[in-house]
Structures are given as C-alpha cells and as structure tokens.
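Attaching a single structure in structure tokens format; questions to follow.
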Amino acid sequence: MTPKNPDYEKTIRKKLEKQFFMHHIGFDLTKITPGYVEGELFLEEKHQQQFSYTHGGVIATVADLVMGFAAYSLVESHQGTVTSDLKIAYLRPGIGDKIIGRGSVIKSGNLLHFCEADVVCINSNGEETLIARGYATMCVVKAHI
Amino acid sequence: MTPKNPDYEKTIRKKLEKQFFMHHIGFDLTKITPGYVEGELFLEEKHQQQFSYTHGGVIATVADLVMGFAAYSLVESHQGTVTSDLKIAYLRPGIGDKIIGRGSVIKSGNLLHFCEADVVCINSNGEETLIARGYATMCVVKAHI
Amino acid sequence: MTPKNPDYEKTIRKKLEKQFFMHHIGFDLTKITPGYVEGELFLEEKHQQQFSYTHGGVIATVADLVMGFAAYSLVESHQGTVTSDLKIAYLRPGIGDKIIGRGSVIKSGNLLHFCEADVVCINSNGEETLIARGYATMCVVKAHI
Amino acid sequence: MTPKNPDYEKTIRKKLEKQFFMHHIGFDLTKITPGYVEGELFLEEKHQQQFSYTHGGVIATVADLVMGFAAYSLVESHQGTVTSDLKIAYLRPGIGDKIIGRGSVIKSGNLLHFCEADVVCINSNGEETLIARGYATMCVVKAHI
C-alpha cells in the first residue's frame, strides 16, 4: 500500500510519546510499514486475570494499537484515525513470555480503513501460538482532534 | 435472574484479588447482582491515547470486566467464564473524571451467556455521557482452569 | 431525533420499490420514524434451515434492513447509507408465525450512525420472544451511488 | 483438519436438502472439505438493494452458510452446529455475475468453532474482487435439535 504521508513513520513515532496507556501496559511498536504494523509486550503478573492468563483487555488493547497504527500509516499528514468498531475473537488462553500483535489494513478508503490483527504468544522456546484475532473499522479524522 | 451459586458475590470478590490487570488500570467493581455488574475507574493521564482521550483499550477492558463478571454471577460455584467474543462500538470520545461500566447478561444459557454493556464518562458536574457500547459472548468453563 | 430531510418517509418508501431482496424474502417496513424503524415478515418454509428454524441469514437481513433504514431516516435528501459493519448475536431459535425487526440509531453522526436492533418471533398466541440482537455501523454516502 | 465424522460430506449433503432458505436465494455448496467449504450464487435482480448492489443480507447469508458448514464438517455424526455470533465487514459493493463464499474454521474446539470467510464477486471477465469478510463463532449442539 502507498502511504499518502511520506513521513508516516516519523508522524507515528511522535504520536507514540503521548500514548500513555500503551506505555502503562508496556507495549511498544517494533515495525511500522504502510498498512502493516507490529508491536510487542513482555508478559508480567500485572497483565493477568484471575486464571493467571493474559487479561482479555490487554489483548484487545494490543489488537487496537496495531490495527490503529496500520491505518494511521495510510492517512494524510493532517489526518488521524479513531477506532469506530473493534471485535476480538479469543481463540486460546494467553500464556507465555511475550505477546506480539500484527495489524494489517485489509481495505483502505478515504473515510474508513478495515483492519485485521493476529495476536500471538511466544513461549520460552520461541514457539508462537495464535491466541486471538482482531477486527476493526478505523475512521479517518482530522489529526488535531 | 436467579444465581445458581448463592455465594456468587463472595466468589467474585475472591476472584478479584488476582485480577492484576484490573488493579493495574485502577478499575474496581462497585455493584454485583445476579446478571448485572457495575464498576468504575477514575481517569488519569495513564489512561490516555495521543489525542488525550481515554484509550480504546481501557474502554474495552472495562466493558469486558463488567460483562464477564455479570456472566460469572450466574454460573455454578465450580464454574467460571471466559470471553469468547468481544465487540466495542466507540460512540464518543472518552473525556471526563470517571468512567463507569455497566454490564448485563441479556440471555443466559448453560454454555453461553450473551452480554451487553454501557460505558459512560462522568464529567466534573456529575453529568454522564455514553461513550461506548460493549457486546460479548461469555463461555462457561470449569472454574479451576 | 430530528430528521435532516423532512420527506424522509417518502424518500425511504420510494427506495423500497427497488429493494428486490427485501421483497424476495417477504419482508416489509411497518413503521418509519426518525431514527427508529420497524418491519415484519410472515414465516414460511422457505425461510428455514436444516433444523426447521428460521435461517440466520433471514435474521441478519431483517436486522440489516431495519437498522439501515433507521439510519436512512436521519440523512440529508441527497445522501444515503451503506452498512459498513453488521453483527448478529443469535440468542434463541427462530420459531413462530412472524418475525418483527426493530432498528434504532443509538448515536447519529455526520459520517457514521451506530445502530442496534431487536429481532423477535411472534407465536400463534401473539407472544413475542427475542431471538436475536443486531448491531451495525451505517456509513453516510451520496445517495446516487 | 481431521474430521470426527468420516461421512461428513454425505451428512452435510443430506442436510442441504432441507436448507430451504439457501435454495430460495439460489446458493449451493461447490466444495466440502474438513474445516473448509466453498459455495456460489449467480447474481440476479432479486439479490439487489436500492442501489442495484447485492443486498448485505445475501452476503451475510452466504458467509453464514460457508462458515457454518465448515464447522459442521468437523463435528461428530450425532452433532450439529448453530451460529452464536456473526459479523460481516462490508468492504466493497457487490457487483458482478457471481458470488463465491469461502469459509474456514480458524480454531476448532469441542464447544466452539471460530470461523472466517471471504465473500468475493466474479465479473464477466472472471476477475474476482473481495467484497466482504465474515467472522463467526459456531456452537456445537446435538444434531437432532
């Protein structure tokens, strides 16, 4: 996909500074390309729910972040995106050392970007398991809102 | 709705101790009744995304928590619930002093509980605004998993 | 809700003439008000799936129609709406004499209308059962597309 | 994926006889393999909505059918599946000669099968366009219900 803003990566990196909740959960982006973004998070006790699995809210946040920034990489420099609709299918328990989120724009548009995400867990042997799929509609907005 | 576990509130309160991610974001339950649960979170900078709004991941987590525990209040004492499918419709920006989540079971079953949630923001005048709707399918599982 | 097009009902009634699939399944609108629309369908064998229940596709179509026209009632005369995202929660089997769909706009906007729907079955005693809930995002477009 | 019922294809073919709504819209399965099913429908005026596009309800029905039977191919001979949750992302207008639906089980389980579908349109040159993505949770039930 062709970015409308050639400085898309720089623009996104600057936005990340004020992504306080992203920092609060310990997630960071590791790859930013037009329409595809990856990021990761090292699992700690603070990410768990009552069964010692990764909380569904962590997984939803990771999916939202990688899909949102995948959409962000495609808009004009004066535009941004907001999530209008997010869905997560929880396939398997989130257990392991690390979570990786991979977000793609599957159909870009002037108003809406349709996105999908894989959320995987990496265990201590480096093996990965798909734990969730994310689906989102990202709406293009003026960036300064 | 009639709870199958008369000690449902005590059971849930005990589960909350190990809800590390819930504590990490500063959310707590304020009302637990059969099939309906409320909770709240005071908004701080750590909950924000790049536009200074509440991050969509916070809202998804709040919705997941209140719907999950609404379903939990209806299962047998040896059972628990896990989220199989979560969807959030983001209606308005999350701005204000406090977020309240209200989760209801709209159809209970032996295997699945269908749930809905309102997520509202409370401003400094105590006025509330509906910022998101949550929809989830909660799957009944053995509690010890 | 206040309609932007005072002739919203007339505009929608005219659109219905070319709603070939709606006619093909035997559905019709019975109530059109700003942001809220109702319609019904008498159940026949042709609506069934292999268990003799109403097919999920019929229910999805009914939900889409009443939410779509609820959104349509709120747009300018030169605009229309298309469904960007549709979700159905199937709560109970669809059995009975008639299906009624009730679609509401829960948040209207310039670009997107967030909608919800109840789909109910009416049995031979006139009693109604909620069989599904529908949730949709309707996107505002130029009407002539 | 390994089918639990070696006669899965025969079982599904028999079920299709009573799929009255599937026949009513003119859809039929063209490929049945364990966890993956394809089917097609030739587009006629009866499938259209007011903009002369394929109605969203047709697309939802096609997605539901191919995901439902993909799940059906994996259950025991005394079991069936029902849709608990269906979501459709409408990516592009449905225009062309034919619609093909391709449904896959992305995670199979004893109680739930998570599925995804591509719905594509084929034009008169045989070129295909992805018009929608479907996502569903299929719940395993006793077959005789």
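Per-chain residue numbering starts at 1, and chain names A, B, C and D are given in the order in which the chains are listed.
The working rule: a residue touches a chain if its C-beta (ideal position, glycine included) is under 8 Å from a C-beta of that chain, and two chains touch if they have at least 3 such contacts.
What you see is a predicted model; the values in this text were computed from it and never measured.
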Can you name the chain that lies farthest from chain C, using the mean of each chain's Cα atoms as its centre? A
Over half of the interface residue numbers used by both chain A and chain C, so same, or under half, so different? same
Please work out which of C-D and A-D is bridged by more C-beta pairs in contact, and write that pair. C-D
When centres are defined as mean Cα positions, the distance from chain C to chain D in whole Å is 22
Chain A and chain C: spacing of chain centres that average the CA atoms, whole Å: 33
Measuring centre to centre with CA averages, how many angstrom lie between chain A and chain D? 29
In chain C, residues with contacts to at least two other chains: 84-85, 87, 89, 137
How about chain B: which of its residues touch chain D in the complex? 84-85, 87, 111-112, 137, 139
In the complex with chain A, residue positions of chain D that touch it: 87, 89, 91-92, 106-107, 114, 116, 130, 133, 135, 137
Chain C partner, complex, touching residues on chain D are 15-16, 18-25, 45-52, 55-58, 60-62, 64-65, 68, 80, 82-90, 93, 145
